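Just dropping this structure here.
Chain IDs A, B, C, D, E and F follow the sequence of writing; residue 1 opens each chain.
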Amino acid sequence: MNIQPAKPTNDPSEQERYKHGLEVLGAIDGDAGQKVVDSLADISPDLAHHVVAWGFGDIYARPGLAPRDRQLVTLGMLTALGGCEPQLKVHIKAALNVGLSQEQIIEALLHSAVYCGFPRALNATFVAKEVFAEQD
Amino acid sequence: MNIQPAKPTNDPSEQERYKHGLEVLGAIDGDAGQKVVDSLADISPDLAHHVVAWGFGDIYARPGLAPRDRQLVTLGMLTALGGCEPQLKVHIKAALNVGLSQEQIIEALLHSAVYCGFPRALNATFVAKEVFAEQD
Amino acid sequence: MNIQPAKPTNDPSEQERYKHGLEVLGAIDGDAGQKVVDSLADISPDLAHHVVAWGFGDIYARPGLAPRDRQLVTLGMLTALGGCEPQLKVHIKAALNVGLSQEQIIEALLHSAVYCGFPRALNATFVAKEVFAEQD
Amino acid sequence: MNIQPAKPTNDPSEQERYKHGLEVLGAIDGDAGQKVVDSLADISPDLAHHVVAWGFGDIYARPGLAPRDRQLVTLGMLTALGGCEPQLKVHIKAALNVGLSQEQIIEALLHSAVYCGFPRALNATFVAKEVFAEQD
Amino acid sequence: MNIQPAKPTNDPSEQERYKHGLEVLGAIDGDAGQKVVDSLADISPDLAHHVVAWGFGDIYARPGLAPRDRQLVTLGMLTALGGCEPQLKVHIKAALNVGLSQEQIIEALLHSAVYCGFPRALNATFVAKEVFAEQD
Amino acid sequence: MNIQPAKPTNDPSEQERYKHGLEVLGAIDGDAGQKVVDSLADISPDLAHHVVAWGFGDIYARPGLAPRDRQLVTLGMLTALGGCEPQLKVHIKAALNVGLSQEQIIEALLHSAVYCGFPRALNATFVAKEVFAEQD
């Protein structure tokens, strides 16, 4: 392609996007999000950049849907996808951070059985069990 | 198994569960849900029974999560699963019924790209386009 | 919604449904099913209720398909879904309980490679290896 | 790789494997399987070769599990995978061919709701509706 | 959250990102990508923005992997996901644009059967058949 | 079925196919593939036979697509499927064996986020981290 390559992630404009995303990530996911970013540092810092700059800075921070509502959609997706236990762990914590109660989270996962079947609902509920045990 | 078989769906107690579920279905999904039930009448009326009696009567009607919040979780799941365009159609209508705006639904589907990728988000958004066009 | 909420799971009619489901669960899954129910007791007893009362009492106990045949369908689904290793473990035991041989289970999982590909078939086969080792 | 490439599909030994697979395909899927093979002729005859020679000749024809039981596993997988409506159509016909009744097939798909959720069960049931209508 | 919302997509810096992304999209997907963008104009222009600005401008345009190699990964993903026939159509065209031959694409889809099973491989191959027919 | 059963895997012609497949497996996957075969020896040697004879001998060894290109497709599929971490481990090693660099693999997994979302991309990247750590 005879066109401009993507800006490197250390470009000042990208660093600004990243910095903004980190603030959003911290506000929603707290420590758990930062740990994911840290664990990518030596293998794919650019994946961390895009999770933060795009996923959080560009999308989560959009005003059209409240963070609490975004977490409900996210819990539904992660439960349905399957195999996303590490991400469910982060996002069940995030759901608590943005104002969902333990009871609402458990109810959302029970609700998911209607659409995804019991195995996905069970796997997600056992992740919640683990998260709540760490919190209490 | 030397144990009691499931009650037939025409057992009075099952008919009562079904009747309750139909009220919930009507309140949430409106006509769209009833059409699904009708289209099952000659092929699997018992599947219709369980969608209605269990899915709506037993689960949707639980007080622990608002119908609006259940739809957010449901939109997330149906988008993530893929291949659920007919169900997305029903549940995007339901989402409007229970108080989500067109803008919030579109925003939820944009949000889904972060977790499911663009193809799933695009397919769901085109279903919303179809639903909104029919409504307007 | 101005309609009746779902009956609480401690309602006598729900307790009766649950009791019936537990008998079915015991006959099919044996101890393994009960352990899943127990592990939900402190996080989502209502999910356990619905797995038991609906999944087993209402569906598994229907006379239209033999328990052995239901397990074949179930092994196919759990293999195809992926990420359901804990449920596969329970249902491979259940398959043995209801009359499928170790050889038939292994053959069903080999067969699955044609439709799901080798990775899903391999993951399910390694779960069977674990289950059979515990049994012998 | 300094190793022997795969035999071309027109090698006599491959033609023999293919011929055997075609007999198995015909016995199980009848016309429906042949139509899939025909529709691949001008785009990927080698995919058709491997569906027939391996999928049917090598796997379906194994004696360890009855054709009827293989179809139960297959219906479970195709329902769970989602987006496999064309293949479900072929295999619901095949299920009838190898001795499952319409009632057993519908029951298997109702059963699937417990593990895959209602959307997958509904989509598969509507395929069965279409197949049965063509048969009657 | 007491933090800066995401910049609106009509912010000059976002418009610049979008413009760059459009060039990349045009170079890879040609007309097909533009049609997707156009079809989003009245339902979710912001989803189009992010497909273009992030998906193409930020990711596809990265120098670390050739466009041809990205299409091989993409064909694998879209085949495995299932239910992505519209996206496969766009990306099979894109694969031809960036230098893969019809034969290589068909071979990649045959290869996919080993990992995803035949149904996914067949569905993707029939999309290729449609695309190639339009091209010839 | 009144037709010839599949040849047993110890038939000389099947043993020849297997031997050829083992050479291909060794050339592509090295030790990692052999370990999978070994771990199947006591539970499903016939699954091992078909992975080797068909997956590697018949498909990987086809001349129409370079081993390196097959690995790109495979990485895309395994990332998209989810729950295939053990297979990703084998195939990330294989990707290195057939000439992809660590940087290209990491870039392919970052690219996958556009189509599968971040959770799948993250899970695959953490498998790569593990594989690279073992190699260095």
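Throughout what follows, contacts are C-beta pairs under 8 Å (C-beta built on N, C-alpha and C of every residue); 3 or more make two chains touch, one makes a residue touch a chain.
For clarity, every value in this text was computed on a predicted model and none was experimentally measured.
Undergrad: Is the contact between copies chain D and chain E built from the same residues on both sides or from different ones, judged by whether over half of the numbers are shared?
TA: Both copies touch with mostly different residues.
Undergrad: Taking each chain's centre as the mean of its C-alpha atoms, give the chain farthest from chain F.
TA: That would be chain B.
Undergrad: Which chain pair shares more contacting C-beta pairs: A-D, or C-F?
TA: If we tally the contacting C-beta pairs, C-F comes out ahead.
Undergrad: Based only on mean CA positions, could you tell me how far chain A sits from chain F in angstrom?
TA: The separation of the two C-alpha centroids amounts to 30 Å.
Undergrad: So, what's the distance in Å between the C-alpha centres of chain B and chain A?
TA: Roughly 25 Å, centre to centre.
Undergrad: Listing for chain F: what residues touch at least two other chains?
TA: 46, 50, 54-55, 59-60, 62, 77-78, 81-83, 87, 106, 110, 113-120
Undergrad: What kind of graph do the touching chains make: line, ring, star, complete, other?
TA: complete
Undergrad: For the complex, give me every residue of chain E touching chain F.
TA: Listed in rising order, the residues of chain E that touch chain F are 54-55, 59-60, 62, 64-65, 69-70, 72-81, 87, 103-104, 106-108, 110-116.
Undergrad: What does chain E use to touch chain C in their complex?
TA: 113-120
Undergrad: Can you tell me which positions in chain E touch chain D when the two form their complex?
TA: That would be residues 82-83, 106, 109-110, 113, 117-123, 125-126, 128-129, 132 of chain E.
Undergrad: Contact residues on chain C for chain A in the complex?
TA: It comes out as residues 36, 39-40, 42-44, 46-47, 50-51, 55, 77-78, 81-84, 86-87.
Undergrad: Give the list of chain A residues in touch with chain E in this complex.
TA: It is residues 1-7, 13, 20, 23-24, 27-28, 46, 50, 54, 57-63, 67 of chain A that touch chain E.
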